[in-house]
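Report on the following structure.
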Amino acid sequence: MSMDFSPLEQMTVVMARDLADGELGAAGAAALVPMAAIALAREMHAPNLTVGGEMFFNPVAGHLYPSMLDDRALGRCEASETFIELFGHSHHGLDFFFHSGLQIDRYGNINLHHVGGSLHAPKMRGPGAANLSYCHTSTRFYICPTVHNVRNFVDTVDFITIPGNMSGPDSKAAAGLVNEGPRLVVTPRAVMDFDPETLRLRLKSVHCGNSIKDVLDNTGFTPDVPENTGRTPPPTADELAVLRGKIDPSGALRA
Amino acid sequence: MSMDFSPLEQMTVVMARDLADGELGAAGAAALVPMAAIALAREMHAPNLTVGGEMFFNPVAGHLYPSMLDDRALGRCEASETFIELFGHSHHGLDFFFHSGLQIDRYGNINLHHVGGSLHAPKMRGPGAANLSYCHTSTRFYICPTVHNVRNFVDTVDFITIPGNMSGPDSKAAAGLVNEGPRLVVTPRAVMDFDPETLRLRLKSVHCGNSIKDVLDNTGFTPDVPENTGRTPPPTADELAVLRGKIDPSGALRA
Amino acid sequence: MTRSTKTIGLKEAAARAAAALKERPEICLGGLFKQSRPVALVRALLATGADGLHVYSSPGAGYDVDLMIAAGAINEVFVPGVTLENRLCPNFRTAVETQQIKAHALDALTVVGGLMASAHGVPFQPIAALKGSDVLKHNPLITPFDCPLTGQPLYAVPPIRPRVTLLHAQEADRWGNIRHLSTMVYADQLMARASDMVIVSVDRLVDDDVVLDDPRSVTIPAHYVDAVVEVPYGAHPTASFPNYAMDEEHIDAYADLGDAARRGDGAGLAAYLEQHVTSAPDQTQYLHNIGEARLSELQAEALAL
Amino acid sequence: MTRSTKTIGLKEAAARAAAALKERPEICLGGLFKQSRPVALVRALLATGADGLHVYSSPGAGYDVDLMIAAGAINEVFVPGVTLENRLCPNFRTAVETQQIKAHALDALTVVGGLMASAHGVPFQPIAALKGSDVLKHNPLITPFDCPLTGQPLYAVPPIRPRVTLLHAQEADRWGNIRHLSTMVYADQLMARASDMVIVSVDRLVDDDVVLDDPRSVTIPAHYVDAVVEVPYGAHPTASFPNYAMDEEHIDAYADLGDAARRGDGAGLAAYLEQHVTSAPDQTQYLHNIGEARLSELQAEALAL
């Protein structure tokens, strides 16, 4: 089957469809795909979705940038805020947020600090994370790395920067994490969700151009593969038309 | 001796002379005389005095209003702030502030809440006070009522809204009040300061047109009258020229 | 699907506020003293017969709180300073002195700190700068505690979370993005962030592009705003700079009626309440009663600055 | 007597900052990631040979912190996220992995909360929203405690009070009143209120009347500002909207040099540091090195938005 859309476009529509009208959410830094997903949801079915919580509200869509946290993307928006208001949003919570990481483990925990070694004597130091308060003060979050291989999908992260489901329901509850937390892991290859009993990752659907075996071969642990694991519904013609016409005319998602 | 200046003008110059270059201070609501004093100090000897701490900085002098907390007085100023910043100023402190009250007692304590009865069953209810944090977080303050009689100068206030020297050095220290607190009481009749030993009010100087007896007859307690109690130095020609020419051309202080 | 606007009429705004306040009577008013107070919204709320309210504000209030007391709508006052600045508030005084209402002894830090705790989403705000005042003995909102880091004595104020906050600003777009054009914004932003329901009156609605062309000029993002009401002269008799100045004559005349009522002659005050509040005039009728000439004067005074 | 201005030159600003940082090495940088970072001030400070610094920032930083590390000026990093966004910070990584510097595990709430406590003048800020992360086990700035009102477990962060904060904005008057014209103001206001010494670079100075005609546009009142330095393109290679866009090519080329140094070839990085930092070029020389054509492109890109 030939693909007439890119893996990042597929990721964008998967997440856009999961955002509901009237919700409030934000995207973090390096947020090309999340900001595209939010913009698509606003155009398609969620005109009352508010982008907010990161010092700006409702930027006018028109061009995608790697960061989306700069005035090229935000010059026309509805309002700006400061880091004091980030404090409020972190406590009052959003409906959704997006994360990525150096490592993601089978419980949806995310590591952005170090791989190997220890925090202060790391083999490989990552960037850390600014917005980790949003991990569970936003009702749910999406994990959306733009690569999917055995190096970033690992059995257990070396450092929990963003807690997902910890090591299962008991530890999640013990840590005081009462919200849904990670809902979907959306990668260039597949969509994964969490088994409600074990809170472990399982395969939900596989994108066009990938087989279940491809996904498993590129995942550093063996996720459950339920019988109903199917194909990810590809972008519709309408979705692609809006995405390419109004949100990403320069084709950043196809680069 | 004929007076070619008003009691409020006399009050203004007394306080203006006591403000130093480079200081930061504010005036509170109903601040006709304090704002005039600040503006005069800035014009005469304190060009680096900053008016700030009440949500605006350095309003351009030009006209006096009863409140001074409105856009007629503040429309041209150097910056505005919000009540969150008032929180910061309250803790970091100013160099000076101004207060007045329904009752002022011999230790410089100020009552703005009630006269007679109790807080929730008062004989006469006053306005309360918004800025009482400034009483001792500003290094010093001035008490400047625009009337001086036996009703507002009392031996002991019925309610301490703004603590002055409490009931003397021990109680002031016990309350944790480590700053200077009230420095001068400036009224339409006289200037009073505080005995450094007892922290009680004493007469410092008497304005033109008043005798020591006039002042004592209009004070509801008997302040000390040191031997060196003299005449309040009247406004100089320069002071009056600046005050009437640049700060109060409409003559609010002479009304 | 299309985006929902947040613009509603004055009566609907009052009905929504009144319904919410029946659940929890904590109302908060924007502006400061005689500036940018949401007086048209207050009159409309009073016309619904609202009562039993606990009123909050930025730390200084006057005319509107006194009017609400005169109309019998308030049980408890949580405003540190209640004054007309050039004179005392007559109906406030009468109601406290006759123990019809309870006016708590508070300070600005308690009110601002409580709003901060609510806006920031934390269970309390620490306060250090309160010493010596008798207000500390009576302030119902503070609890002494020791700093967990330094051991020093502090006060904790819990979140103040008004059920309804009424604000007035100069402009908004139809989505509820608010623009104050006045020099100060008072505690309006903080209150909007701290409150359950926020209703804002504005002198005029503006096109979407006015907001998008200058997002930094938006003082309260629509996210915090539940409804916007376009009410010309909605702050009268308080000021809405740079659109119109405060109507000090009107407020003084009102205060004279209150003082007369204190002396036993309540007829004038009753007539004032009937004309401006109880008969529920719409804003057009209200402005007609004030008179076009007077409104033009107030507009000219603001413009001249 | 006449009022003192706060305008000084870049070298004097660097000397003042360096002297203050010898007393206490806590430096804080304004802006966010690749926007409105005070890079000219940072270069000038590095040219003084400053070292042993503890660096703070708004919660996201990249190029400038990496440059300071490459120049050997930093001992400890208190910035939650250090990244160039499209790639990692090479010299930051190298220095942490080789244990030349300590990069603390922090989160935004700790940094913002600590700045808030300092700005508000209270001995700590309570934080509730920190759960489950290993950052909590390592964060050196938080202390668990129980809420004095509700008993719930909270964290206390003490005031973060930088000895020196360096900011960049678009405009200022000679008295030190600062005007950000960009959409976001980041944590710049908070840092100014939280710090001992505040030095601000601006793309241009403006007449007093520009400020007085629109006081609400002043983002940081002069009261909080110790010195202002007029530095055209003072944020380059980061952005200063609406004046010029970020120079991503420059930052990428710098990162390539850092990556080469990680692989053992440090010559290019050393030459970069020599050209832009160690040789202490003034801003005119620096801009000459960048090239007028490139600067015009960045200006055009910002203008086009």
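Per-chain residue numbering starts at 1, and chain names A, B, C and D are given in the order in which the chains are listed.
Here is the rule we go by: a residue touches a chain if its C-beta (ideal position, glycine included) is under 8 Å from a C-beta of that chain, and two chains touch if they have at least 3 such contacts.
Remember, predicted model here, so these are calculated numbers, not experimental data.
Chains making contact with subunit B as well as with subunit D: C. Mean C-alpha positions place subunit C and subunit D at a centre distance of 39 Å. Averaging C-alpha coordinates per chain places the centre of subunit A 28 Å away from that of subunit D. Subunit B has its Cα centroid 59 Å from the Cα centroid of subunit A. The residues of subunit A that reach two or more other chains are 56, 74, 76-77, 80-81, 84, 87, 90-91, listed in rising order. Multi-chain contact residues of subunit D, defined as those touching 2 or more other chains: 121-122, 128-129, 183, 185, 215-216. Of all possible chain pairs, the ones that touch are A-C, A-D, B-C, B-D, C-D.
The touching residues of subunit D, counted against subunit B in their complex, run 1-4, 119-122, 173, 175, 177, 193, 211-213, 215-216, 218, 220-223. By the touch rule above, subunit B contacts subunit D in their complex via residues 21, 24, 45-48, 50, 52, 56-58, 60, 74, 76-81, 84-85, 87-88, 90-92. Chain contact summary for the complex, subunit B toward subunit C: residues 29-30, 55-56, 66-67, 69-72, 74-77, 80-84, 86-87, 90-91, 112-113, 117, 119-133, 135-137, 159-163, 166, 172, 175-177.
If you check the complex, the residues on subunit D that touch subunit A are 32-35, 58-60, 79-83, 85-86, 88-89, 92-93, 96-97, 99, 102-103, 105-109, 112-113, 115-116, 128-135, 138, 153, 182-187, 189-190, 239, 241-242, 245-246, 301-302, 305. On the subunit C side of its complex with subunit D, the touching residues are 121-129, 143, 145, 147-150, 152, 154, 156, 158, 180-181, 183, 185, 215-216.
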